[in-house]
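Chains: A, B, C and D, in written order; residue numbering restarts at 1 for each.
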Amino acid sequence: MQINGEFQPKIVAFCCNWCSYAGADLAGNNRLAYPENVKIIKVPCSCRVNPMFILRAFQRGADGVILCGCHPGDCHYTSGNYYTRRRMALLFSMLNYLGIEKERTRVEWVSAAEGAKFAQTMNEFTEAVAALGENKRLEDLRCKK
Amino acid sequence: MQKVTCDTLAAKACELLENGTVDRVLGWKNGEFVYDVTPALFTTTDDIKSEFVFNDFCGANFSKYLIEETRKTESKVLVFLKPCDTYSFNQLLTEHRFDREKVYAVGIPCEGMADITKVKAAAGDGITAIKAEGENLVISTLYDEDKAVACADVLAERCMVCKSKKHVAYDELLGEDGDVIDSNRFDEVEKLEAMTEDERFAFWQNELSRCIRCNACRDVCPACTCEKCVFDNPESSVANKAISDSFEEKMFHIIRAFHVAGRCTDCGECSRVCPQNIPLHLLNRKFIKDINSFYGEYQAGAEAGSRAPLVDYTTEDIEPTDAVLKGASDNA
Amino acid sequence: MNNREETLIPKIGVITDVRIDTPDVKTFRVVTPDGKKAFEHRPGQCAMLSIPGVGEAMFSITSSPTNAEFMEFSIKKCGCVTEWLHQAEVGQQITIRGPYGNPFPVDDAFKGQDLLFIAGGIGLAPLRSVINYCRHYRENYGKIDIVYGSRSKDDLVDYDEIINEWVKDDGIDVHLTIDNEQEGWDGHVGFVPNYVKELGFDTNKTVIICGPPIMIKFTLQGLIEMGYDKTQVYTTMELRMKCGIGKCGRCNIGSKYVCKDGPVFRCDELEELPDEY
Amino acid sequence: MRKCSIQNLDAVFSKIAEEAKLYIPQDSEKGTDYKEWTEGAVLSNALNTNRSPKDFFFPQTENLMEFKTSGKEIEIIDNRDEMEDFVVFGVRACDVKSFEILDRVFLVEPYDSYYANRREHGVIISMACTRPVETCFCQTFDIDAANPEGDIVCHKTENDIFFNAVTEKGNALMAKLEGVTEDADSSEVDAQIEKTHEIMKKLPLANLTADKFGADKTNEFFDAPEWKELSQSCLGCGTCTFVCPTCQCYDIKDYNTGHGVIRFRCWDSCMYSDFTKMAHGNSRNSQLERFRQRFMHKLVYYPTNNDGLFSCVGCGRCLAKCPISMNIVKVMKTLGGKDNE
């Protein structure tokens, strides 16, 4: 997406309901700014995120996808994020193997108390994706306007 | 050239049919041209004597057929398993996909199967006969003199990097058991990892863009045993019959490989059956290699009942960000 | 030649009325945006309706061709397209293309004949257009009998029209039945095939059957026992369709395409086809 | 008849490419496929391309129309793009025949204008075979590999390529190639045809006949017990249907792009379990029924509806590509009885 001639990446952030979404809330409450490019999708647990969700996000125009969950050991459901960690490690490694820039995908553990970390993570991630430019490698041309 | 002969297998099949151990046999049936061997179910010794075949083109892995076969009756079915097939067999057992009691598994040694594409490239068009003689295949064609081609030169890719001559499951073994081999099957994966992102992208774009979505890779895969695949389920929102955008082909192949990650035994059937010659095994092997490197050596199917890496975890697992770096730079 | 005329490209239709027939059947009235009929059809023919993004499906046109103003479709909720339609409100646009398939031979084989319509449940939908056509050209046909059954009184499609119009017509006998006893129902109770036998019709009639396959099977058996010949019995089929024009390759029974060579078949023709429906 | 030397073939290609997009079969590590001709592209000698040329007229996916919706309203947008002239060079006799088989489906009323337009805009330059292989059985269906049909028919000899324009479209294109071709007599071509005919007699499948099959044989074969054995190891994949030049079943699907709906058509396979699935049942529940449908269609149903013409051209792609090596030849031999050996 170009706004005033400047590339504005679209970022999809999957946030777990218990920690990271609350972290995003806290960031808001504390007036910590993070880019409006970030679209948050709340999930019950980071482990709910099927690899297809990540691909779908890219297909529908995301330039970067970030997945946020509770810190390992703190999962509301005891072990969900441990599975997430394995799945995403393999998926992201595979995406990179297929030539998808590794900076476009990320997993970050953000607790409900880490509003500042949430904002900072989103700022950094958005910046990194912005530097890469538009997602051309996992795009669906039919979805382009 | 296979060490175990067709006659030995056929005799074993007849013996087990006759003594009532089994009432049907999953085996290979001869075709029109030596190399077009079809998996078939034999129920009589007459059929076995006239149509059973075992040669250098019997690549098909029967493990998956056992799912349906063991549902049919209470009696036993005989299945011949090459070493690599036994891994799929074990993996299916681990996942409770068939009833072990209804199968009589005979392990057979395998010297590697030939790839007909390579045979054709080496011997020329119009193959009329292929005979195994010692270490060679002697090939007759419509247009040239008979040609002897070394079996080793026309081995299927998966057999060139064979990971094991050892049978990990059987009721009875014909011939001698072999060993797990320290193969270099990850070389190709490493070559890709050493490339730049751009080069990798170009490589896969070229490969995957040829996909015609025939689903043969999925349908033949002994790890793909869902009763209804997500790609066939209109409710899944990813059901798609054809590649209508280049995104779709990547989506299909990433998800296909991901769904069998940690369960794929690297039997190589996906690449064997691909009508477009896409090296699909390079996707599966990447997952296997990553799993080995991130979570420790794991061979799906080596041990029945083992816990697959994606349904397991440790509290100290590698972080995804580090994993991506490790996956890409391991050997760069 | 750069031809842009394409049968696969539909017309826009507007739903101008939604009638709730039974708990799972609604009847939709459809016209073009300028208030006309989308196209002319013959009794028994079908149309492809679709909602972009949801899918396309084939439905029999339930209104009679003699209705010059609009078309009607009685649709039972059973898949994604029908579910979506059931949520649609008046004014909703859909797409429509057709007409497809062959009609009932109302102007040849049926002419001058006594007609016996036998329907079960939503099976009345395709017959309604024939019945109303025959009512319109009443002088062309002999006596008309209609046997119609459903699970319960609430599941009788077009009940109002049956009670208020059909039963009042001269020379039309309507025989209704429901599967089980129900409060407020003093009519016949029992399955259609048995009811047909109980009624015991003369064997000189032309029969038109539509309903669940099991009903058709037993009714047909009963008719044969009563002395009917298969050449006297017509039915209409339904199979999965995508194109409606005999090209997409899925609705065939043997070499016949239901969308093109059917959906109306005479039972002796049907018998010649392989048993795959 | 005109000819040009093989060295000068590029001049012919370049001339054709001035008129329209030109596709020629080209080799790669992964086999042979039709690709657009560009300077320096080399014509393949292969018999079969991986994908059949049916793609040119009936692509695997094509957009039929688009919808824009707002509130309760729908707008239909016809944005088709099949109006471009193109030339396909090097189509083999079997594949040329497949177009006639497709025509009889798509060009009968109500005809399919997408297909019709592509057919109208495409010129087919065929290439006679000289080295048929073991999987070839076009003769079974009375197709002459040595003398194909097409708009322009080509014969490649050791040094030259001979051109024979046979249709109006072919003549029009040939006229434009006058400068790069010269007049030729047919003796060399005739000799070559004869030679190829001799080879064809020696092919392993030379004696395969389809005489037992054909129009109105449904009841003879439908309930044959052999279907069970033939279909038992079928994976239910779509390889045979998708590599087949005559398989034409399709699906129509909608895709929501987020800013509209694309209605597209794509190849479908009667081998797939959901092919005939409806909300309330499936008329072909088992793989046996689906397997039977495919071969009955090719050998019986299609001939019944098309004056006895079979819907198979003997190209041999399914023989080479089926994951389990089950194919129409084995079906014909099994059902056709022993005298078909």
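As a convention for this text, contacts are C-beta pairs under 8 Å (C-beta built on N, C-alpha and C of every residue); 3 or more make two chains touch, one makes a residue touch a chain.
In this text the structure is predicted, and so the values were computed from the model without any measurement.
Q: Which chain would you call central, comparing Cα centres to the global Cα centre?
A: Ranked by how close its C-alpha centre lies to the overall one, first comes D.
Q: Need the CA-centroid distance for the pair subunit A / subunit B, whole Å please.
A: That gives a centre separation of 36 Å.
Q: How big is the gap, in whole Å, between where the Cα atoms of subunit C centre and where those of subunit D centre?
A: About 39 Å separates the centre of subunit C from that of subunit D.
Q: In angstrom, rounded to a whole number, how far apart do the mean CA points of subunit B and subunit C lie?
A: Centres of subunit B and subunit C (C-alpha means) sit 51 Å apart.
Q: Among the residues of subunit C, which ones contact at least 2 other chains?
A: 80
Q: Which subunit B residues touch at least two other chains?
A: Only 234, 244 qualify.
Q: Please set out, as single numbers or ranges, the residues of subunit D touching at least two other chains.
A: Expected reply: 251, 253, 255, 268.
Q: Using the contact definition from the top, classify how the chains connect: line, ring, star, complete or other.
A: Shape = other; not a path, cycle, star or full graph.
Q: Where do chains touch, given as pairs?
A: Applying the touch criterion to every chain pair yields A-B, A-D, B-D, C-D.
Q: In their shared complex, at which residues does subunit A touch subunit D?
A: Per the stated touch rule, the residues are 60-61, 140, 142-143, 145.
Q: In their complex, what parts of subunit D are in touch with subunit A?
A: Counting only subunit D, the residues touching subunit A are 255, 257-259, 262.
Q: Looking at the complex, which residues from subunit B come into contact with subunit A?
A: For this pair, the touching residues of subunit B are 192-193, 197-205, 230, 238, 244-248, 250-251, 254-255, 257-258, 261, 283, 286-287, 290-291, 294-295, 309-315, 317-321, 323-328.
Q: Along subunit A, where are the residues that touch subunit B in the complex?
A: 51-52, 55-56, 58-59, 72-73, 79, 82-83, 85-102, 105-107, 137-142
Q: Residue numbers of subunit D touching subunit C in their complex, please.
A: Within the complex, subunit D contacts subunit C at residues 64-65, 67, 69, 72-74, 76, 78, 80, 83, 105-106, 110, 112-114, 116-117, 120, 218-219, 222-223, 248-254, 256, 261, 263, 265, 268, 270, 275-280, 282-284, 289, 293, 296-297, 300-302, 304-305.
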